[in-house]
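One chain, chain A, links the two complexes that follow: it is found with chain B in the first and with chain C in the second.
And now, the complex of A and B:
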């Protein structure tokens, strides 16, 4: 038995918003792979829960009329990886979430839960930052959309307004963000399965038609700061430059202007900085290859 | 005050219903209300895979799945693999033949993941199988024999079809 207070179950988004307004003290539970573990540990002991896991309208991935890819917040990691739209346009995201936990965790865990937790190590989050994802929240005043970088406030805290009864309902990636763009995610961890990233690096690139120039490179890190972050100095450095090994090498060193690595029991600051540089380089090289370029 | 909820679901092919405590995990429900003791209580935080069951054809650690979520679902446990006279299924037999079992605690969970893998009807490489089986801890066998048992049945079934 879980040490749980009262249990509420929402069957629709509308119902979830109403329950949230009526019971602001209750925690939202989606796939449960974090909430139930924390309840077992005692961190959420005695808490009441509002389950949104049964809201099927929040599952699935679809292409909107303007070409935006919409990922329902309750879509599980394994369904994201196997989705044909993701395989075609956002392979890098599918590969990133295929590195969360183990197979059973990926069947249960949801991308909405992964981002609402506000943790820096979430495997989906660095790639969503690198693709300028937009978070869609639904509350009593209707829908509110904001860039993922604004959604993350600080470690473990996201801009989800309980007083407005908000829940996260979708994650959107615009056509301009994924079109002619290929990316690569590197999770650095001690084990291949059931581990949390020491550092997560997500890079994507768009090359010029002749594949010789970087038109747009974006890079985001997990665990390089209290929340996932973009390495904007490195991005500004490489954009418009020629695709050469020297430029890629220099780009990878630039990331040190942006990352705020720290010492923790998982890794020392120096080591994190080392893998930040090395992963930036390797992920950009792989992104270039996926774009059909040569290095 | 305890809060109860009526749930209906399919358990190993049979429709069942029960009033359950909302605080119960699916592991609690399967073990205590339905005597499905193949569903082991290991770590109880979703890491070891001993409580793994199939829900609508996909593997879940039932220790971090609320019992009330089972409502309307099709749930399968190791008990559902036996034939009408208690005969072992091919994957259970292979675990015995390949000595993929020692203490046996992780075995039901591993076998249910193997069932999901085998029912996909796909042929996986060794590397892919290792990844697909990576959500289970076994402290006895060193995993090699487990991998061998799953590979053997995968090949047998593909040959037959």
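And now, the complex of A and C:
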């Protein structure tokens, strides 16, 4: 039995926006895999909910005319993992979200919910950061798009404007971002399923035609700071350099300039930093291999 | 042997997989009120006041009861048989609700409400004021002078200290040729994590209290409830339906006494207490965290000359099972690896942690971790293969423990090690894996354990059984030993069919539910004793029933009793093998006899005055990823000599479950405490790292069936033993892979990182 206020159900995006404007105190619920857990714990006790889970137009993945991959915000993790477009162009994202919770959670949980939570440990989020994803929000003034790094404001807070009745409607990844690019995600956790990341590392790389040079490397972390972050110093260091074990090793040490790990009861700072370096190295090596390069 | 030694389907299999089986919540009266408990938000202090007004104003809240309302009767909760010797009784050190709160999560008040939400809102609305006291979480800190005093009747926080000695240790270690191997080994606070949280409901009927509870020990719970409420014991009726596991947590009075008191305070209205998982972790029972100090003195030809063991057991805030665990752990060493000069001390110490009680293995997983780690450290110092060293120094054949009377009749340790060595291809792998230097390293590791089957002579061992011959020729059997998921009912059906000569175990109906008004007195499910102790009363009662059946059959058939027998459910002539009549025919003729009608039944109690050694070992093959500080278990094999198997498939399942528990204990499980407040930080299944399906290798179980001479069916312990040797086997494999001793469980990345860094495996 949940300590819940009123439960509203939206059948369309427009209806969701109207409900949100009419009940600004209510929380949005999609798959419910976080909201209901928090309600049971008492953190959201007594809250009213607006369910957007029935808005089918927000489900699915498609290729837009300019080659952008559009992921509807209500697309479940298991759907993303098995989607042919994801398998072809964004394998790393499909693999990342396949590590969320267990099978039941992955069937119910949505990528929109995962990002709107604003938590640094979300398995989708570091990969979306590493791919420069764009977040699409729909409100009373129409559609607003912003880079995912701007969407995350601080721990648990995202740029979702209640006063405009906004809900998140899509996640976009441009063609330039995924083309000729391969990535790898390492979820570092204390067990192999049903866990929260101690550290999430997502790396992707584009190599030169001869596979000898790094043209573009991007790396993002979850749990290396209050929100997911890009290790830009490390990226700048490696871009344009030759694909060699030494350069990869040096790249992995550069990430220490970017990560802001801290001590908590979940893990010590020095341990997180050690894993950040090792994961950067391993994820880049795997990305190179997936690009057809050799290390 | 028609009915035992067979992998028959569990008697409760179909109902369990189709969801028909009824647990306490399925039996709930519709009008039961919800009782929710207010737990303390400090680790130590006194409740000064509780403002209940806001809670009482909530719609749906019926009543608030606090620690100021409960009877002033301290009571003990441990699920031990009652002892008529006061010095052997458990420590009565808690009230139904406590004014002196002794851990973060102690019970201070209850809100009783019409629905769950109102009850939870009521709990949140209570305003509790405390007089706070300093608290202590570490066992050795709690022993220091000036440490916060937790229990009024235990100065220095010492619940109990016992010693065991042999020979003259101090004299023996003066020999300058001896090699000293010393270590500190530490195990964490962990929790049982049975699937079904503890819960119960209670109501009054004709002036008595009926309580339906998720418990392992209904008859013992009746006694504890009677004591806690200050009422005659038979005023309480406990009913135990099917339960979703217990692992020892439910071998304790948890919230049954509080539930019984709440219904009595509500004029007998049904009330329910349902623990949330978060409460189960903190406010039920946990496994004792134990710190061991071991000093072993070796001779140059690889024998153990002398040994000293110190055991520091963290009891938490209340005595529960208390010193029994540390005493059992301490007692294991001198039998496992006998040596001439031996000294041991064990201390059970109160701290401001959750109360530690019984948990599968009862001190032996902790002791095995310390003992087997130290033994591998010894082998390393001697430059010996750890299996070879064990073969040399482990408990010899015919070793007898004079206290329990247990005998190692078959040299089972060596048999298990020898068979495991071969099945695991250990010798080849041990050589092949030696001398690795890379970041990923494989290794094998071994550990052994022994286990007492029952609790004789420390506590009473008694078992009662009732059998009824039904009119269709089937037999109903009823024991006080409980089904808690382990398959006891199926074993009882098989044993009953075997004793009586029935065609199939399906001709036996086991009364699974224990009801203290109906079920003959038994002590429930604990230790690893159900098959062993119930075997005595099933055999005795079965023989009595058989005698009655043959007497009646003789009268009806005109054959002397010596010339007839029961075979496959029929009365047969031993002369020509002909079937004379079926049991069903006999039962009907006797029952419906117009002059001498009789319901053919038997009932008896057996006092068991023996015990039995169970033995085994674990072999693992692991990969250590040094930079990632991670262990992958590639293969794991447990070998057991637990005597004859009644049901090999159930035995195998029991071993799988124990190995799984050992994996979690070894690799990931640990309750964490906030040093600033004493609060448990990870009391949920996300942050408490119970190992998942994805963390398991394929689990292999093998048996050596040496029939136990003291047992009616040749059986001995298998319930707890599989959980004992996994963690040290993994630890020893890490030692073989890296040369690093990791002496603190769990072997999780945090602990591996620290040790690898200290030893230079990870560094700049």
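Basically, the second predicted complex is superposed on the first by the 295 of 295 C-alpha atoms of A that agree within 3 Å, B and C clash if a C-alpha of one lies under 4 Å from a C-alpha of the other, contacts with A are read in each partner's own complex, and residues count from 1 in each chain.
Heads up, the rule we're going with is that a residue touches a chain if its C-beta (ideal position, glycine included) is under 8 Å from a C-beta of that chain, and two chains touch if they have at least 3 such contacts.
Predicted model only: the values in this text are computed from it and were never measured.
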If we overlay the two complexes on their shared chain A, which of chain B and chain C does A:1 touch? Say first, second, both or neither. both
First, second, both or neither for A:54, with chain B first and chain C second: first
So, does A:103 touch the first partner chain B, the second partner chain C, both, or neither? first
Give one of first, second, both or neither to describe whether A:9 is in contact with chain B, with chain C, with both, or with none. first
Determine, under the contact definition given at the top, whether A:195 touches first (chain B), second (chain C), both, or neither. second
For chain A, give the residues common to its interface with chain B and its interface with chain C. 1-3, 102, 192-194
Interface residues, chain C side, partner chain A - complex: 115-117, 120-121, 124, 627-629, 668, 672, 674, 681-682, 685-687, 689, 691-695, 748-750, 753, 762
Using the touch rule from the top, collect the residues of chain A that touch chain C in their complex. 1-3, 42, 45, 102, 188, 190-196, 198, 265-268, 271, 274-275, 278
Residue set of chain B touching chain A in the complex reads 3, 5, 21-25, 28, 44-47, 49, 52, 58-61, 64-66, 68-69, 113, 131-136
In the complex with chain B, residue positions of chain A that touch it: 1-4, 6-7, 9, 29, 32-33, 36-37, 40-41, 51, 53-54, 78, 101-105, 107-108, 192-194
